[in-house]
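Structures are listed in the sections that come next.
Next come two complexes built around chain A: one with chain B, the other with chain C.
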Partner chain A sequence: MSELISAIIAGIAQGMPLFIVASGLTLIFGVLRVLNFAHGAFFMLGAFLLATMLSGGADNLAVFLLAALAAAAVLAVVGVAADTAVFKRLYGQDHMITLLASYALLLGLEGLTTMLWGNKPRSQAPVDGLGGSLSVGRVEVASYDVFLLVVGLAIGAGLYLLLQRTRYGKVIRAVSTDELMARALGIRARRVQAGVFALGAALAGLSGALMAPLLSVDVGLAPTYAIQSFAIVIIGGLGSVGGALTAALILGIADSLMVSYVPDVAGFSLYIAVALILLLRPQGLAGRPVGSAA
Partner chain B sequence: MKRIGKSAVLLLSGSLICTLSACGGDDSGSASDGGVKIGVIAPMSGAFAEIGDNISNGFKLGVEQAQADGLAKGVAIDVEVKDEQADATAASQVARDFMSDGTMLLAGMLTSTACGAVAPLVDQAGGALVTAVCAGNDLSGAYSGKAPYERTFAVAPRDSMVSTALGKVVAEKFPSVTDYNVFGYDYTWGHETWEVFRDTMSDAGTTVNTNQEFFVPLGEANFRNQVSAMSRGLGDKDSSAAFLATYGAGTTAFLKQADAFGLTDKVSLLASAGGYETVARSLKGAAPDMWNAYDYVYAAYDSPENDKFVKGYQDEYGDLPVAWSYDGYQAGYAYVAAIDAAGSGDPDDVVEALSNISFTGPAGEMKMDGTTHQLLAPVVVSHTVGDADAPDGVKVLDTEVVPAADLIETH
Partner chain C sequence: MTAQQNSTVVAPPEPTRSPVGIERRRHPIVELAKILVTCLVIAFAVPTVVHDANLFLVTTAVIYAVFAMGTNVLFGWTGISSFGQAAFFGTGAYAVGLTKDHIESPILAVLVAGLAAGVMALLFAALAGRITGVEFAMLTLIFGQILWMLTFRMDALHGENGIPAISRGELFGQNLFLDDKFWWFAVIVATVVVLGLAHIRRSSLGASMNAVRDDPLRAAALGIDVRLVRALAFTIAGVVAGVAGGLMAQQQGLVTPEILVWALSGEVIVMCLIGGMRTFWGPAVGAVILTVVEHYLFDKLASPDFFVGLALLVVVLLAPGGLLSLTTVFRRVRRRVAR
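Our next item is the complex of A and B:
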């Protein structure tokens, strides 16, 4: 039993950082209908910025969080710049065009990262006090994973409150549902779209910064997390933050159970889950069926 | 107007990509009249760009030092580097570009798939290829058999030689460690690396129990589930080992995520057969106690040739050389030795000369096996640990050089 509980906890720990990355991606798609492949590059930049600000050294949690938020703020600016320079001109176009443009942006940002930081991988030390693990009975969980779980839940709750309980959230939902009508009602849709893009990029940067102590900080991070985020957004339902959270947790737990009980096929767990869920529910867990009323 | 705007954005994006991701690589010029031009194909952009730099820097230094040693004296050898993006299709295209421009002497590459794609093209076009890092077991003649490609020569020890070297040393030093927990990349290299190591241990009379096996996709970075499962499934520390059939970012991510569970402290042996030096350096003094087998470690050799290579590399590029720099150096030196023996840069003559070259490199006497087209170079098994006060944050505790003759006969 403890084996099963440990596997489930490990799966949740694996899924939560993926949710943080995917939340920004699904938010951007939900409002702007942009499949942003450059999201992985925003994640990568967040990791680089944090490792640079802290010089790769260990720091206390407060300093680490401040640096992570600063990285997120920088990425918000990068997001606005990307939106203005590239995506603004492509809104309303075929998804393939925006996807290609975002892929171009991804490659460009990878190249820019190499120019700024060189091509040697960097390393970020664990946060002071969060380097070990916690044991409850025979169940062992990494302290840093508990921290990520708390942060992930906080982000999920924050996004829910923002979208459902604030006036700005209503405006975002209005633009997402019917941009033309929103404009007719006097909503500055462009400004809202830019704000959402900034928020999505900031979430990607924040997740990159939070994950930096667990990874090799190099340009290879960009495509890795872009693909996983896309899988979560597809499974969760394009544009649904709640769906992304559910999908990330399902994927994390499914992978963990497969690693524990059928390790030979565990490497394919992501693809198996995507195939199964899309087979049973093509619109994703929280998406609307194709052809249904909005 | 809007259409023009969109086109401009796409054009700008394309230009930006080419500018920032180093399309076309380093166009460092063409061969002067009467000179010889060598095209180096290496990953100069993306996640493996550091390896590309090491290969190309090592190659240029190998050419420079070989000529300083009196080989191909007076011949103007021009080296041009192009980007293969660690991709077989891109590598093939770069090779075609080089050869259609008349550059028939090629070298370099990282992955065996890239080398495997380029080698038949070189055979068809009548060029010559000296591979640098790629060391797939099907690139040179395995089991002392005939080389599969007439015009391709490998300077890096075959993958099976590396795993065999590690197996021999570990069998001797850790006979009581019998329960292995494996973490590797889920493709041919990862599986073969483990299997050859395991078989070598068994051949040496050591019991090997595969306690757990986890193979993950190349490029994956999130290993919590594997680390957690491995940690839960470990047995008695005295008999337990963790074996990594990974390299680069995958090794780094595994070690960092394993650190939280104290996994490396729960085993008596942590071993890996793959490029590890740059991983250890990137961990800045926090690298775990590791036994690793690979092509080269700067501290393994005490010879004037090695000193010259290490000092030359540091003077030129500011860093201690790693195995990939050494592989590039060996390829460059081998080419110049062949051009010297051939008396020209004619590809037919160079290919013939490459079959018989011998030279003294950083790792000692090197000789090309004319049948297998494999340079008989040793493998270094190193024992290292992170130490912030050591050069590059890595303390070399021990090294053991396993001669090629001890490796090539069995695998």
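Our next item is the complex of A and C:
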């Protein structure tokens, strides 16, 4: 029994970072109907920026968070640039075209990263004080996982409040539901779209920065996290933030259960879980757009 | 949104896509003969111009061209997105690798490669029959990743080292070990595949594929079994990818997990896109361009990805129909100038 519980807790700890990564992707799809494969590259850039700014170490949490936010801000700018240069021209086109364009962007950013930072992977030490572990009952949980859990819940709640409880959220939902009508009512839709893209890219950068201490920071992160966040978003239902959270937790738990009970599948258990869920529920778990609920 | 609302009131305008199937039809024999002549001209002309290492490279390009043309059955003909075609390419390659001690005839080996990949594709299509669109693309990507990881887990596949020393064999007393002999073998296999694809494209199955691509609902209303057509398209693409993978294993003499890497699934889509998905030869042209340019230009650079990405971005934004679509643009411009 305690094995089951510890597997579930480990699964939640594993699922939360996935949600943080996927939240920006689902936001961009929900509002702009753009499938942004380059999301993984934004994530990777966030990790690289943080590791460069802190040059591998971090003394206290405030500095770490500040660096993570700075990385997110840079990525917001990158996002607006990508939106203006590429995606703006492709709004309303076939998914396949935007997917390919964003794949091209992913390749380009990967290449650019290799040029700027070289081929050698970097590592980032966790913040002092968050390197240890806490015990919940008989179960050991890494403090950093708890930190990510808090951050993930904060991001989820923040997105919900932003979209459902603020005027700006109402404007975003209006543009998402009917861009033409929103324009007719005097909303500067173009500005809203750029803003949403910036926010989505910033979330990707933030998640990359926050997860840098757990990862080997190299260009391989881009495709890995592009694939994983896509899996989350598709299973959660394209465009649904709440669905992405559910999907991330379910996948994290399924993954950790499989690893502890069927050790042979370790490494691709996440993929098996995604495949099974897609085969059983092709429409995803929630499948509601941003306009109807968060 | 508004376009859809209008269409219930006013008849929608005829689609202005450049059709694959509706061009002026010649007699089937004439059309197949034209393809045969094209292939023969290439087969004879290339070895007189390029030799040695370059001939090896062009042979690789032809193999990728076969792979790309098969993949375009999905993207261009049927409107299916797959991000996992490397899975079938790799299945074919590993099939040749695993049977290298049992099968001597290179033709038989390539057939086994196509069969293995085809069975794999058919099973996948049968399992995922309900799933379409982006979800399907995701599932293919995941399938490819699982196969890739399996190569490290299954002892018979030898992980990172792969399966070395795959012989090209002999055919009609000709030792295919020589690159100029293998060139002929690859081109003949490619020609057979291309003729087969051309035949399918002209058939009622080809027409059904186009109908499913343009409007699945209308196709279903016309009595087309959409799921069956999709499954058949996926299987055909799988067989062709397998044959190409088998050829690749023979040419390189080695199969490693590299052949199953998801980036290859992306690259073959890039080939289709660069050449043009709405033309028959487009993917082949794209494959040759990308293979040659990558070898001579990008591989010399520190980060080829940057330039591949940039090139792809330019094509997507400026010529989404691919490079071959530019010929129709030129033609239109010329007509306007003449007027």
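Quick note on the criterion: the second predicted complex is superposed on the first by the 277 of 294 C-alpha atoms of A that agree within 3 Å, B and C clash if a C-alpha of one lies under 4 Å from a C-alpha of the other, contacts with A are read in each partner's own complex, and residues count from 1 in each chain.
Throughout what follows, a contact is a pair of C-beta atoms (placed from the backbone, for glycine too) under 8 Å apart; a residue touches a chain by one contact, two chains touch by 3 or more.
All values derive from a computational prediction rather than experimental measurement.
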item	value
Overlay on chain A: chain C relative to chain B, clash or fit	clash
Chain B versus chain C as contact partner of A:221, first or second or both or neither	first
Which superposed partner A:178 touches (first chain B, second chain C, both, neither)	second
Partner chain in contact with A:35 - chain B first, chain C second, else both or neither	second
Partner chain(s) touched by A:135 [first = chain B, second = chain C, both, neither]	neither
Touching partner for A:10 - first (chain B), second (chain C), both, neither	first
Contacts of A:231 with chain B and chain C, given as first, second, both or neither	second
Comparison of chain B and chain C by chain A residues contacted	B
Touching partner for A:96 - first (chain B), second (chain C), both, neither	second
Partner chain(s) touched by A:125 [first = chain B, second = chain C, both, neither]	first
First (chain B), second (chain C), both or neither touched by A:274	second
Identified clashing stretch of chain B versus chain C [8-16, 260-268, 296-304 or 368-376]	8-16
Shared chain A contacts, counted only where both chain B and chain C touch the same residue	86, 89-90, 97, 100-101, 104-105, 107-112, 114-115, 223, 267
Complex contact set, residues of chain B against chain A	2, 5-6, 9-10, 13-14, 16-17, 19-22, 45-50, 52-53, 186, 212-217, 219-222, 224-226, 228-229, 231-232, 248-249, 252-253, 256-257, 259-262, 278-279, 282-284, 286
Residue ranges of chain A in contact with chain C within the complex	35, 86, 89-90, 95-97, 99-101, 103-112, 114-115, 178, 180, 223, 227, 230-231, 234, 238, 264, 267-268, 271-272, 274-275, 278-279, 282, 284
Chain B partner contacts - residues on chain A that touch it in the complex	3, 6-7, 10-11, 13-14, 17-18, 56, 85-86, 89-90, 93, 97, 100-101, 104-105, 107-112, 114-115, 119-123, 125-126, 131-133, 140-145, 213-216, 218-221, 223-225, 228, 252, 255-256, 259-260, 263, 266-267
In the complex with chain A, residue positions of chain C that touch it	1-2, 75, 81, 127-128, 130-135, 137-139, 141-143, 145-146, 149, 153, 262-263, 266, 269-270, 273, 302-310, 312-313, 316-317, 320
